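Note that subunit A is present in both complexes that follow, paired respectively with subunit B and with subunit C.
After this line comes the complex of A and B, so read on.
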């Protein structure tokens, strides 16, 4: 890997991209630093357009974007980034190892065979597999695409929907791999709509909606910023009615709803204050708390909120 | 410290430059040109303009090809004069005239989108200016383009005008003749298309008036022995008299008529002004529900 870049890996300032009358990206500014960043957004939000601009496959209609301090169209940059495109673009007659070896050779890697063997092993495929790529399953094809993207040890890896077509075990392995790459100091940008998997990255997210940046940062922190929507918290207790009655009068609570045999659903604007209050209330009422769990702190609910608002 | 941020994606007022009425006219002209040529529309919308353009340019391409193949003596006898070229493309011109103005004007009234234009920077006059400009530019493609192609093609093969001076005069005449033809037919078709919001009716009316006026003029001049100047009542003939004047033609069928030279441009100008004036009046009085 080359020497680490000072400053953000990607810096975008007021980037817009339009195709005729269709605005794909509108005035988007952001920075991406080393580690894993998930790019989220519904279909047509502009994710793929942004990734194409990042990799120099398209130019912004307005605004500027620097990747590792260079223009994305700088040919020298291509050796420092790896791309896993969403589209299938494999040379079907080659074996997996030969395909990755070709990518290594094209990137000017000194020992393409060794590098390819390393990359193929890293994505849990067998370098000795003699089958052509046309015989590969969807999951294997995704993994071989990742292998060709990391074979030259790039500083930045851009992955467009890499979890698509993978079974749950493969997804977990792939997410582990992204984390490993991030921990090595690389910048890993993953676009995905599999939100429950993205949540496992435990990473920074960027949410695009209708071509505009809706939010960016750690999604738990984003949830904290959603102060116009109360947090929903489920409290399970051996005496839910007493806990509910006591919580109603607490200042941190907006609403209380009995949610079953032993649970109370609480709406609160101040989750940290509520967590302190609920322990005190339970102690005062002589009730035992079985569980205090947030119901809408998952990425999916944050995503739905961000994409749905105007 | 958290660096998370939720961006405001709400309504943002436009704070960029505002380009004014001239830009609005230009935009509507370009939009109308796109509509006429069927750009960004399905293939069948492109068919008629494509066919007309092919019909207008094909003879020029054939003549340029022939001039390369034929010996000089035969070539001079075969190739048409520049003004004579209109004889080969007058059918295509009529077809285009009958198609272009209805396509430019009628849908806006039929779909009631005229009020949308008038609610913007455009008023009734500037709206018509934009539409007239689009029709005029479209007609130039069949009144100027093919003859220009012919003269340039022949010149490349040393079969065109002698010397740069002659070439400049020929190009000047082509531009003047084509411009006057386009202006005349723009005015006439604009006036006729302002009468109805149905394209087919406007197209049929335009063809009917162009042919019908010719019949009336011929009857007056030949059967009733009216003066030759009455031929200028024919909307399909009058502009070609002017083309002959521009080319200084003293021979040929048109030149055999006894029409004072000064009367021809005056009559064509009168028709043109009358056409534009009628369309303008019609649009001034048009009821538009805002």
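After this line comes the complex of A and C, so read on.
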């Protein structure tokens, strides 16, 4: 690996990207330093666009971005970065080893075959496998993409949804590999739309939603932020009016709305306290609870909330 | 093997698929068969220009541009269509090397695939006008120019095969054959002119000097490669 870069590996200032009328990224600023950083966001949040800009595959419509002190469009930079793209297409007529060897050779690695063998072994594939890539399973294809991205031992590795299609054992192995790369002082940027996956990276997290940077921090602070947001909960009961009237005066409740024949929609900032309160209220009012269900616990809602609070 | 060699071999393997090779060999075989049919007929005894016109119309008008289009448009075009360009683009490789390697692999395939049937056809219908040498030179010049132009077309234009065929049939084989102004910006016109000048034929509609007939297509080739390299530098990759 080259000498470590002074300052952040990536410095983005007010980066925006639009395609016609569609805004993919809006005024995104951030810095990334060595170690593992997770880029979390729902599908369509702009993660892939951001990663493409970061690797020079696309140019920002506005704003500036430096990677390892260079413009991402400078081909000399590509010796120092590796990318696992999201798309599945590979050079299908090549074997796995030949595919990785080609990457090594084009990167100017002195002994491409040896380097490729090491990289392929590192991702738990068999360098002697003589099958063409078209015969590879989804998991094998993901892993060979990782191998071609690390074969030249880059200072920065960018991985776009690299765990998709992997079985649980392979996922763990890949996560371990990303952490190893980070521990070696490389900058590893991994995108994901799965919160639990991100937790395992044990890393700094950037949350991207609707093309905007919604939150940044370590995983635990992001998790807390998500848990502390207001929740919307539907309570179904055989006596919704009585339950609603009693809940209005409870401290855990921000607002109450009758939501239909037998339901009440409650806004609360303290979901655990509310759950205790609703059971007590139902007992006191002699009402039977049919259902207590969160309406906005999916990740999309969490991301929407994080964007809204900025 | 160096970077250029790796790219060259990669493009060659991408282009030389079984289906394409069969199609192009079949087209070449048809050219030879048409020449054979004419050689066995009395037609060329009646009019000595018929053999030259056959090479001009079929060899230079169909075989050279169509085979060049099929091969050249797939060099970078297949990578764009399959979203695999990233695996050669995101490397510390000069963009001109990508363009030149694509052109080199294209010409490695197209020159024999075009020249062998065109020369074979010319040999069958030649009656001592130096048609074989003229056909070889004209087909080689046309193949080089078409190859370089269609490498760029394949990279820049979606469904390049369709657009390329439209260009060959409408512009090169129709408009440029009846309008001398249009012929000035037609690769085939320069090749045709060379064919006629080298085989003692009557000058065609647009008849630049022999040197221009060679130099202009080569300049077009160089410009096409430079443009392709520029597009590669400026492109956004999926």
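Everything below uses one rule, namely that the second predicted complex is superposed on the first by the 222 of 310 C-alpha atoms of A that agree within 3 Å, B and C clash if a C-alpha of one lies under 4 Å from a C-alpha of the other, contacts with A are read in each partner's own complex, and residues count from 1 in each chain.
Operating definition for what follows: a contact is a pair of C-beta atoms (placed from the backbone, for glycine too) under 8 Å apart; a residue touches a chain by one contact, two chains touch by 3 or more.
Just so it is clear, the structure is predicted and the values come from calculations on it, not from any experiment.
With both complexes placed on chain A, subunit A has more residues touched by C than by the other of subunit B and subunit C. When the shared chain is aligned, subunit C comes close enough to touch A:56, but subunit B does not. After overlaying the two complexes on the shared chain, residue contacts for A:273 are found with neither subunit B nor subunit C. Contact with subunit C, but none with subunit B, is seen for A:83 once the two complexes are overlaid on the shared chain. Once chain A of one complex is fitted onto chain A of the other, the partner contacts of A:91 are limited to subunit C, with no touch recorded for subunit B.
In the superposition on chain A, A:210 contacts subunit B only, with no contact to subunit C.
When the shared chain is aligned, no partner comes close enough to touch A:265: not subunit B, not subunit C. When the two complexes are overlaid on their common chain A, residue A:306 makes contact with subunit B while staying clear of subunit C. By the document's definition of touching, of the two partners only subunit B reaches A:222; subunit C does not. Across the superposed pair, subunit B and subunit C touch subunit A at no common residue.
Per the touch definition, subunit A reaches subunit C in the complex via residues 52, 55-59, 75-79, 81, 83, 85, 87, 89-93, 99, 102-103, 105-108, 148.
Residues of subunit A touching subunit B in their complex: 20, 209-210, 212-219, 221-222, 224-226, 306, 309-310.
Against subunit A, the residues of subunit B that register as touching in their complex are 2-7, 9-11, 40. Of all residues in subunit C, those touching subunit A in their complex are 1, 3, 6-7, 10, 13-14, 82-84, 86-95, 236-238.
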